[in-house]
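Chains: A, B and C, in written order; residue numbering restarts at 1 for each.
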Amino acid sequence: MHTIRANKHIWRKVKNVLVSATTFLSAILVIAPLALVFFHLLINGAGSVNWAFFTQLPKPVGVVGGGMANAIVGSLELLALGSVVGVPIGVLGGVYLAEYGSARANSILRFIADVLNGVPSITWGVVVYGLVVLRFKGFSAYAGGLALGLIMIPLILRTTEEVILLVPNGYREAALALGIARWKTIVHVVMKTASKGIITGILLALARIGGETAPLLFTAFGNRFWNHNLGEPIAALPLQVFTYAISPYDDWHRQAWAGALVLVVGIFCINVLVRILTRERKPAVV
Amino acid sequence: MVAPKHILGTFDEALASLRNNVLMMAGLAERTLDRSIKGLLQRDDNLCVTAIADDEEIDQLEKQIDKDGVEVLLRFQPVASDLRRVVSAMKLSPNIERIADQATNIARRARKLNKHPPLPEIELIVPIQAHAMAMFKDSIDAFAREDVDLGRAVVARDKDLDLMNKRASRRLTDRMAEDPKQLRGYLNLIFISRCLERVGDHATNIAEDAVYAAAAEDIRHQTAAVST
Amino acid sequence: MVNLTMRSPDPIVLERRGETIEAATETEQVPLTFQIKDLSVWYGEKQAIESVTMDIPSNAVTSIIGPSGCGKSTFLRCLNRMHELVPRTRMEGKVLLLGKDLYSPDVDPAIVRRRVGMVFQKSNPFPTMSIGENVIIGLRLNGVRDQKFLNERLEKSLRMAALWDEVKDDLHKPGTSLSGGQQQRLCIARALAVEPEVVLMDEPCSALDPIATAKIEELIHELKTQYTIVIVTHNMQQAGRVSDYTAFFYLGKLVEFGPTSKIFTNPSERKTEDYITGRFG
């Protein structure tokens, strides 16, 4: 009797260890690619990230040196343009879904938004190409910004909606019971309470589109010089990385690594910022 | 009155226990009164002694009822009919206790009377004690059965008892003048008659509390100024 | 059958309000804040309230008691048109506030809610605002800009809610930094700041400890000199302590309404008696 129980005990211990080991290995497998990528980027790109990279324009083809200053600025400009389109529509749409509308219409809208979130980003590029680039007969920052903005809309819409739905109904009731009009309640109480969450959603959307290349291929198109008119083509960091990476020049490869590293670090920073913002949120009411 | 049970079973038990204590106390007081009167009329000293001894138990019950009543108020915060029943029980019990005290007084005086030859005027006591005893029994009945009409009737009968006591006192006072040698005996009889009159007063109080418990009506001090 | 006649309060209650009438008779009329006639409410197909007729006296506390699901909260919310926020509600009957029909088409629900304030079961000070901002938010969002006026009203409301001394140096701190009982008093101050005529309270103490509860009950007692108060409560001892009038609801119907002292010593209806003595099974 005693030995059987002891055997069962040992077998149980072995099982425990096996499962722990397996899950540990799986975790490693998940982190490993991320670590590899970062590591690779660091090794290959760190050396090339220098002052010139941030301040100089690309040199003519074949000449060594130069930087991606215009691409970095261009990306920022495109993000700004995208936000102009994506943030208001996304936030207001999210507010609508959370606060107004009928259950039936809302579930249809949600479904559409979820589908759009899954649409390959190049599709947006094609749509904007057809609607804007062909009509106005030229690539432009506006077109690039529009494409990025369209990607942002369903993203921000869903996150805004979710965060607003999380606001306890008690606050709405309390505000309405004071005789405050419905729209003022939504703006000054509900959205204010959800503000951190809404901003988080916006930041995450920016992080997503910051690295988008495909939609910019035939909308912003890229530019080897400074862009002085938003109706003209504009450079963007991921675009530039793409162009350089498939080129035959070693120097350009080197700069592409640097560009990729900067891109990843930028997105990493945004995510860290999001983390900081979300950690500061204490539970609203005990 | 068949009311549904309280959801809290302990509440029902506490109320039942309180009620049973009141009824038990009343039964003991009845017996004491009965014994003391019989001890007087049948000139039986043993009955008197027993009656005096029973008072102890009745006093203890009064204390118990008060203690239990306060605990019910504290634990269950009763309202409406429950509250009225508890409060009435706590107000009834001192009245029962005093009825028992009056019975004890009667027994003591009976013992004194029994030492001397019997007086014919003892017959005067018989209807008075019957009336008082009936009032007491009915007042307790009114409480037990929550009978409002019976309670009111008891209150009305107190007038008759007072009248009977007055008449007996007058007759006995006359006899005291006529036959001074038996003065002590006649005095004792006068006191016994007054004890019985007081029993009637206490029974009236009990009846008034019973009516309050049953119907939330306060019928005390309602008699217009009828001078007695 | 619904109790239509208004039983007047016992003489002691009349004395407190400064009246000198000595004997209270059945036909005595007291000033009324609300007159409700044949109120019925449906949530979709389900009828929540059935033909309730009742009056709510002014400057007094009326409590509404009854088992869960009997319609007390629904009824309370009809008094400030908050039940309209639930989709698919339907209402019939009249609710008159000082003679004016609350539901007539020319009445703005927001105005109703300013005149009839509400305090909820779970205290809900706005988390993004400080204590001071919480109190005056009702005024500010309704267009009041004068800072001096706002400050005065802030102090007045906090004093009325018996909270001024405790928070006067901490007005900038977040509303959620207070204890549960203080938060509830903050919500009361917030409701009082817009100077309503009525304060509705939906189980205001059910989430509070006994001492906080006692403080709020004391506050209610002070407030009734200036406001009419209607309180829904599960706690019958609280109803007994705090209210002048009590309404007993059961399955959406008003079973009995009358002075609290009568309801709790000698109710007219069997059902009322069975409920308050704990005989419902």
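Details
The rule we apply is simple: a contact is a pair of C-beta atoms (placed from the backbone, for glycine too) under 8 Å apart; a residue touches a chain by one contact, two chains touch by 3 or more.
None of these values were measured; they are calculated from a predicted model.
Taken together, the touching pairs link the chains end to end in a line with two free ends.
Here the chain at the heart of the shown protein, by mean C-alpha position, is C.
Annotation: 50 Å between the Cα-based centres of chain B and chain C.
Chain A and chain B have CA centres that are 93 Å apart. Separation between the centroids of chain A and chain C, computed from CA atoms only, is 50 Å. Along chain A, no residue makes contact with two or more other chains.
The touching residues of chain C, when paired with chain A in their complex, are 80, 82, 85, 110-115, 117-118, 120, 122-128, 137-138, 141-142, 176, 180, 183, 187, 190-191, 194. For chain A in complex with chain C, the touching residues are 168, 170-171, 173-181, 184, 188-189, 192-193, 195, 284-286.
On the chain B side of its complex with chain C, the touching residues are 3-8, 11, 77-84, 216. On the chain C side of its complex with chain B, the touching residues are 236-237, 240, 264-267, 273-274, 276-281.
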